[in-house]
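Each of the next two complexes has chain A plus one more chain, namely chain B in the first and chain C in the second.
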Partner chain A sequence: MAGGSSHSIAKPIALGVLIALGYFIAVPLLSGGSGYVLNVVTTMAAVSFISFGVWLTFAIGRINLAQAGFALIGAYVTAISVAHLGLSFWVALPLSGLVAAIIGGLIGWPVLRLKGVYFAMITLCITEACRLTALSFPGITRGAQGMVDLPLPGDLSLFGLVIIPAFEKGARLPFFYLAGTLMMLGLLFMWLLDTSRVGAVFRSLRQNEDLASSLGINVAKYRVVAFMVACFYAGVGGGFFAALQQNVYPTSFQVIDSVYFMVYCFVGGLEFVIGPLIGALVMMTSFELLHEFQRYQTVIYSGLMILCILLMPNGILSVVRRRSSKAKGANNA
Partner chain B sequence: MTQVLLNALVVGTTYALIALGITIIFSIMKVVNFAHGQLYMIGGFVVYYFNVVFGLPFWFGLLMSFLIVGALGVVMELFLFRPVMLRVKREEVTMLLAMGTAVFLESLALIVFGEKQRGVPPIATGIFELFGARLPTGRVVVIFIAAALIIALMAFIGYTKTGRALRAMAQDREATALQGVNLKWLSAMGFGLGTGLAGLAGGLLVAIFAVHTGAGTAVSIKAFLMIMIGGAGVLSGAILGGFVLGVLESVGYALLPGSMTFLVIFLIVIGFLIVRPNGIMGKPWG
Partner chain C sequence: MLEVSGLTKVFGGLTAVNNISFNLSKGDILSIIGPNGAGKSTCFKLIASFLTPTAGTVRFNGTDITGIGPSNVALRGIVRTFQENTFFQDMSVRDAILLGHQKDCKASLAGMIFRTPRSRQDNREASDYADRVLEMMDMQHLADTVAGALPHGMLRRLGIAVALAAKPQLLLLDEPFAGLNSDETKKGVDLIRKIRDAGITPILVEHDMTAVMSVSERILVVNFGSKIAEGTPAEIQRNEKVIEAYLGAEDEEIGL
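Now for the complex of A and B:
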């Protein structure tokens, strides 16, 4: 494995670049200027970006329901930076991730000692606590009224050279490209992390923390790092949504969103880096397709979700893999 | 202060019922029922329909809320949790299943029951006075019903054959099966008992607070707080957790502005879990 690593990495990266280029060209062409399709794809990309963070906490064996809370923190950091502090959006976005990661580190250090259901329950409470914090300090966050009419991202220039032009009012394409770039960078980093030594350490934490620590792995350090990376994803994703919707409310990200982020990881399959993306793609497409059922939309959607878990408890990708390994077995025989 | 403590007693007794329900399910199935709040909400609506729409007495509605929500729990156990638990690789899947059920029940309730807040007429008139604190008699009745239910439940679990079987199953499923206990029947019944308690709590509190279809998540969160405080899977811990949360909440509402109360409670619970990760009565969690 170690000897052939340069080969085994070059091929998927070339494939990935091809798919990325195809995505950036094909989706706007296929949508035919339909703002609706472009909007859905943009949301899907940003949501799967946030879900990668949840996936990473699953990789270390924790059920993370705090992701929506940290996305809310990121959304408020972006909103406050661009509206009150007059910072550029391009500074505010990474700053959102950074603030979310630091807060995540501070909370995560003690909380990550909990396991299993306790961790799931406490992270659920963290999401709720973030919403209440936003409600409780109207001086900074404007409370329930929310922060509205946020300015659109301005231009990004380096040494007088404009790298990204300012976003125009009503234009959907810039956000589509931004979300797509985020998603791909997010996926690339997750994949590099997963295939690296650190990724192996994370997996060992999921299987047995005591054993990992007996091998000299600083368990507490690694799990906090993983959690902080997850929070960084949430913060950046939240900041993106604040810019996309040009508003933030305490209800912008709630417990149900945390649940959905987790659902996307599950539906895709927890053993695959690309799982959250597949899950978000399948679940959000089916949600949009159910649109004509109007008020029955959510019932049918959640019914489908339950059915998905009943039929494929280990995710869609696990079914695909089982099929292909069966086919391989047949060929060999 | 007496007033605050009396209020704490009202919510604490009903909260204890919620926490007992979720604890029973957790201890026998090792499943955290994320749909508990939604079942509570349905219990409230059952009482509303029997009492207000059909004009039947409150106690009958309460009985029906236990039976209907309990039956719902049995169905959930038989057709959702059991098949999934038989063939999953990871325990998280059952948790996700419970969450999916929660979303499903809530959106279904929105269609069936509508968006309106529903309440029932006061179950008793008059004001009850104790050491200068005043409490509507309806709330006193709620305290007594909830306390009676808790005692009845503890007696059922502690002294009947079925209760002993439930406790045995929570400890060791295989050994229980070897003693000739029908596990299939028993775990469905235990699940139904747990959800039925959620229904009862919802039915009782509808007499005080009214209910709406979105109430579920907040109740689930409170239930989690209670079992985190008391310790997951321990019945006495559940009762204790219910009362502790009742006191914290009542004191908080008396001293702090609205949304701050639960923020402070969350911080207290997070701090508390750092000191005692398994709650007051909990056993170490693997």
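Now for the complex of A and C:
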């Protein structure tokens, strides 16, 4: 994988661009101007973007429940930057990712020594600690009242040329395009990473850290890099939601969100870069479709989830792959 | 090449390795032997920096490498294998060997991800070297097999292959013949000579006395953490302290 795939990245990227264009044109058309559908799709795209980060920490063999905490950090960085510091949203968004990544690096360095359930527990605590920190500094974060009425993203212009026009009040399409772009770019980077040598190193860390270090691989460095990338995704995603909802509360991202980000990875399949996206797509659309059932919605949804895990313990995509490898086997025989 | 002096490791009240010193010059096949629990493997871990010694130093090619950490030791040219079958479960043999080349890659992290010319060059070099290792280990036919599906004997071989892929100057083999049948052991002995002839100096920790006696040029005997003898296989077989340490088993095991 590390060696062969590097020559053949052009074709998949071309295919990806086609799919992306199709998505950007088809979804608004199919939604027929329904704000509800666009909202769901936008949220799904942004949520899968954040979940890519969780997937990456799975790739190095760590169960990461801190993602919501770092998303909250990103959300506050965006909110404070645009509301208090007067920065443009387009600066604030990458800045949110950077701040989350740096904090993630500082916390990750000592914490990533832990494995298995211990790492999961400490990351769960990190999410909770982020919420409590937001509550404890009302001077900056306005505490439980939250930061509300955040300005919508303004225009992005370079050398007087307007690249992205200012977002209008009530318009849903701009956020749909922004979330979609984030998701595509996020997926592209993850895929490049996974198929590169770095991806192979990450997989080696998941399988045997001692062996990897005996080969001269700086295990601590690579784990921190993976965690920082994950936190960057969380920060940018959190910043996006702050702009989308125009508000941030300490409860905007909580432990339950961390769990959801993780579940999307599981449902889609941990072996596949696109797993979190498939997981979020399947879970969020099925939840919305079950809307008909009113108060039974959650019960049926949970039942389906249990069935899903029982029947497809390695995620939905593993079933697809099993099918295709069976077909291959049949052809060869 | 390797100078170990006064190496000591204390775990709580137990002195696992006590004041062991020895020198090794390039191309010598050295074996460390001793009864179970004598401290051989601990000695290995101290050299490979998987453990930090309580006292003593390890010098390699003139520089002090005591306790600098496993990956740094590997970067300087000392690579170890593991006593248990230690491998990357889901990786093919070839992918695992390619990973051994990681430390010699010159591209940056971002360069690897975005496929700069430098990283493509790295990949070509890794691929060529992997082919050579596969050939040397006689494992070409297994290149695409997933490690988890290999039999025990081949896993031992894979362990050595992956270590070789990291281009060591000094190769620490922790019980390379453990659990192998006599035919596989014989092949293993030939392999170790082949590795030495390729310019890599092997050190073994081993229990299989027949193999040790036939492959080693020098033997170091450890008992209760201390060095009790050092010499050629013939000298070791005559050494009284060694016979005493192995008392009761000397007939079959040392081959006296």
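Criterion: the second predicted complex is superposed on the first by the 326 of 333 C-alpha atoms of A that agree within 3 Å, B and C clash if a C-alpha of one lies under 4 Å from a C-alpha of the other, contacts with A are read in each partner's own complex, and residues count from 1 in each chain.
Note that in this section a residue touches a chain if its C-beta (ideal position, glycine included) is under 8 Å from a C-beta of that chain, and two chains touch if they have at least 3 such contacts.
What you see is a predicted model; the values in this text were computed from it and never measured.
**Student:** Touching A:219, do we find chain B (first), chain C (second), both, or neither?
**Tutor:** After superposition on chain A, A:219 lies in contact with chain C alone.
**Student:** Touching A:118 in the superposition: chain B (first), chain C (second), both, neither?
**Tutor:** Only chain B is touched by A:118; chain C is not.
**Student:** Let me test your reading of the model: by the given contact rule, A:128 touches which partner, first (chain B), second (chain C), both or neither?
**Tutor:** It touches chain B, and chain C stays clear.
**Student:** So, A:207: does it touch chain B (first), chain C (second), both, or neither?
**Tutor:** Second partner only.
**Student:** Please determine whether it is chain B or chain C that touches the greater number of chain A residues.
**Tutor:** B
**Student:** Does chain B (first) or chain C (second) touch A:298, or do both, or does neither?
**Tutor:** first
**Student:** Residues of chain A that sit at the chain B interface in one complex and at the chain C interface in the other, please.
**Tutor:** Dual-contact residues (chain A): none.
**Student:** In their shared complex, at which residues does chain A touch chain C?
**Tutor:** Those residues of chain A that touch chain C are 1-3, 6-7, 9, 189, 192-193, 196-198, 200-201, 203-204, 207-208, 210-219, 225.
**Student:** If you look only at chain A, which of its residues touch chain B in the complex?
**Tutor:** Contacts found on chain A: 58, 63, 107, 110-111, 113-118, 120-122, 124-126, 128-129, 132-133, 135-136, 255-256, 259, 262-263, 266, 270, 295-296, 298-299, 301-303, 305-306, 309-310, 313-314.
**Student:** Any idea which chain B residues touch chain A in the complex?
**Tutor:** 26, 32, 80, 83-84, 87-93, 95-97, 99-101, 103-104, 107-108, 110-111, 217, 221, 224-225, 227-228, 232, 257, 259-260, 262-263, 266-267, 269-270, 273-274, 277-278, 285-286
**Student:** Using the touch rule from the top, collect the residues of chain C that touch chain A in their complex.
**Tutor:** Residues 48, 50, 69-72, 74-75, 79-82, 86-91, 95-96, 98-100, 102-103, 105, 107, 109, 112-115, 119-120, 122-123, 126-127, 130, 162-163, 165-166.
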